[in-house]
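Pasting the structures in now, so scroll down.
Heads up, the next two complexes both have chain A, just with different partners, chain B and then chain C.
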Partner chain A sequence: MQTLLNTLYVTTPLSYLHLDNDTVRIEVERETKLRVPLHHLGGIVVFGNVLVSPALMHRLADNGQSLVLLDGNGRFKARLEGPVSGNILLRRAQHEKANDAAFTLEVARACIAGKLRNSRQVLLRGAREAKDAADASVLSRGADDLAAALRALPGAADLDVVRGVEGEAARQYFGCINFIVRTDVREDFSLDGRTRRPPRDRMNALLSFLYAMLMNDCRSALESVGLDPQLGFLHAVRPGRAALALDLMEEFRHQADRLALTLVNRGQVQAGDFTLHEGGGVTLAEQGRKTVVVAWQERKQETLSHPLLEQPVALGLLPQLQARFLARTLRGDMESYLPFLLR
Partner chain B sequence: MLVIVCYDVNTETREGRRRLRRVARVCEGVGQRVQKSVFEFQIDLAKMEELERRLLAEIKPEEDNLRLYRLAESRGCEVREHGVFKATDFDGPLVL
Partner chain C sequence: MLSSMTWNADDAIPLSALNHWTYCPRRCCLIHLEGEFTNNIHTARGVAEHDRVDVIHPETVSGRKIETALPVWCERLGLVGKCDVVEFLVDGTPYPVEYKHGARKKWVNDDIQLAAQALCLEEMTGKAVPLGAIYHATSRRRREVAITLELRQAVETCVVEVRTALSAPTLPPPVNDQRCKECSLIDLCQPAPLAGQGKRRRLVAHLFEPEFEPGN
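After this line comes the complex of A and B, so read on.
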């Protein structure tokens, strides 16, 4: 079993990352703040205006560790990666299977089934823990809606129907997820459906930020097993879009949703941690961003017992495992793709 | 596992001071300095052997002294730290 290598996140503007022998040294205003030996790291993620020395970039490329550049809001900008490795036969199988309508439909259905089931668990848990009977009934009705969508899925004859089922279910899900938020902060974190580019309320800003990090993890996972992250099954292929990473991400969105709700309900993230821009966009401010990144990293270290492997697995390794299952399915070693299902 | 390395290098000669710098440089590349000549490493056995080999290549056995301690798996209960310096846990969230 491979271990979960740590990721170094640098959010402080104007930090300078140096290569110092076999360690990364982070300087802020010429003062060394942190040193991390490279062998602990799977990759480095930097936010906004952070400098990285060329020597470090070369070493990361040599080691096969990734360097990801995000803008200040956590949106993906670029990724520095060594030469494409992995198995050409696997990628060829992926491209061949992408033209196979029946196979594509099956994988797309599996991704959405995973997403719906896991999202439903979020609502059910919210309903169980709700203090207010009205909230609980809204949430359990939402869970019933998702269950209905789940039942409609096997009957979906083509991709467009699957996408339609998903869209409708997502609308219902985001329509009631707000009822899990603690009543006294519900006004600050009100969410009226999902908005993005830019997110128009705090909850959407928080979700977008977490999804961006999840997306990175999924993309890295696919690349590390040698799949082409751009060629998806559910998501249409478009230049510059990591469609397969988006596919893989569907079954893990609940992790981001849950974390967002926990952070808000525990008061770890508050209304003041966001910046409201003119024109209605909302983004996480620097301190809030740091809180969220730390919480995300801690969450990834948590383990659960994997339903299929029957052994404890760190949450952060799940995308890796699923990517491997997907690779096996593409090769024909596994009969059908099984999404990760929350128990 | 957690490995602790401490060393005494005889710095009376110029050659000795050079060895001290080189030993420290090897250690800094793999672990973190927790005291002036004490380092902590979060590494496996293979890495530890490699580290030992690299350190032995630097020191002069007639004049210097090197000790490596291997600590059992779970980190956190074996080490209690006090005072100004706080070590970084490389398995925890690394956010700056």
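After this line comes the complex of A and C, so read on.
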């Protein structure tokens, strides 16, 4: 398996990234803060108001290293693309298969099955580690609900039913993950269902930020294997929406959820790391974003075993690998798509 | 039969594709059909070796005229490509020399590529090309190759196979053997999970059963 190179995340506003021989030099207020050799990097991700020199952009394009621009909240803005245009035969297959109702339904079911099974592991683990019997029983019941939803999937006759099963399961899931949060910070991080645009509590703000990072990784993975991230199977096509990236993301959401819970339970992210806005919106503040970005980057280096490969794979490479399997399924090399399944 | 095959300039098969095909049909199609390419240590050495051809090759060898990076083609078979080096003997007979980075070792894919070059040169110059050579950079040795009838027929068969494969909608299956370990395209080819579809089928069959462990 290919090795996972580091991603350089730059969150400090008004940083200036220069190409200095074969290194990236990061300047803040004309003072050099960091130098990173380019060959250590798979790509660079910058948040908000960060400057990048044209010389560095050219070098990244030459090397096939990605440069991704996100806004301050981690939402995708743009990506610098080199001359590789991807495989037209693959994109054509993707468009043809998107019109094939049976195929579309099968992939949609697989995406949600991956999500339900992996989310269920989050609840089961929470139940195992719970100190309080009442918490454990809420979490076990939540896991049972997800199991029932999973069993209902094969009977889902069309996409709307699949989406309905998924929506109900998500409601049950978000209704109980709060019981995995340490009791002394449970109130600060209580969540009342999933809220977004804007998130209305700290946990939702943290999840939204992590989902944005994950989304960006899934989108980059799809683009790098030559798939069109806008044409999805489960998620409907809508202008400006990376529907396929959302599809691919489903089987990995548990990674973001787990990391959010770990950060909160270990006290690495605290109540003071958030900005509570007038009117009820909540966002992750500068220092909190930094903590999360570093933790995400470290988490991606961890390895685990993939059900189809008999070798450890870095967590950060899983979207790439699954995007490749999806491409192989679309091209007819693989008979059906298997989502990544946590053991 | 072959000469009646229709093809146009866009469909011409690169000589390197014959080499790739003989090594692994799937690798050939990934490169020439899907437009995928990834470098590894072997391909990087190969590229570096070709860059050095002009430098390391003596300008003339006992009165032979030397051409490097010579464009060649064959109308009859629909082939295009470049020869690393062609030495023209005093009587004008072309003598192609293909540079390879390994030590001196016989690879049938290299011989096929060389024979295809010979067929191109014969058509272009009207002279018979009975001999060529593979120069192995690591051992700095030449291995002379006779362009035999068998080798010529192997090229013709290979051309038909490659042309058929490159117009097919799907890729040949992965070989999944020792070749894959050395192949730069292993990550995008994914030979092991594709060759062992049984495991995937079993997992897919139990996808909607919550208690089924993927590790089993």
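Worth a mention:
As a convention for this text, the second predicted complex is superposed on the first by the 341 of 343 C-alpha atoms of A that agree within 3 Å, B and C clash if a C-alpha of one lies under 4 Å from a C-alpha of the other, contacts with A are read in each partner's own complex, and residues count from 1 in each chain.
Heads up, the rule we're going with is that contacts are C-beta pairs under 8 Å (C-beta built on N, C-alpha and C of every residue); 3 or more make two chains touch, one makes a residue touch a chain.
No experiment lies behind these values; they were computed from the predicted model shown.
Contacts of A:Asn6 after superposition on the shared chain: chain B is touched, whereas chain C is not.
The partner of chain A that touches more of its residues, comparing chain B with chain C, is C.
In the superposition on chain A, contact of A:Val36 is made with chain B only, not with chain C. When the shared chain is aligned, chain B comes close enough to touch A:Val293, but chain C does not. In the overlay built on the shared chain, the residue A:Thr23 is in contact with chain B alone; chain C does not reach it.
In the superposed model, A:Leu69 makes contact with neither chain B nor chain C. By the touch criterion defined above, A:Pro307 reaches chain C but does not reach chain B.
Those residues of chain A that touch chain C in the shared complex are 1-2, 86-90, 109-110, 113, 117, 120, 146-147, 150-151, 153-154, 225, 305, 307-310, 324-325, 328, 331-336, 338-339, 341-343. Per the touch definition, chain C reaches chain A in the complex via residues 33-36, 169-171, 173, 187-188, 190, 192-194, 197, 199-201, 203-204, 207-211, 213-215.
Every residue of chain A that touches chain B in the complex is listed here, in rising order: 6-12, 15, 20-23, 26, 28, 33-37, 39-41, 290, 293-294, 297-298, 301. Within the complex, the chain B residues that touch chain A are 25, 28-32, 42-43, 47, 88, 90-96.
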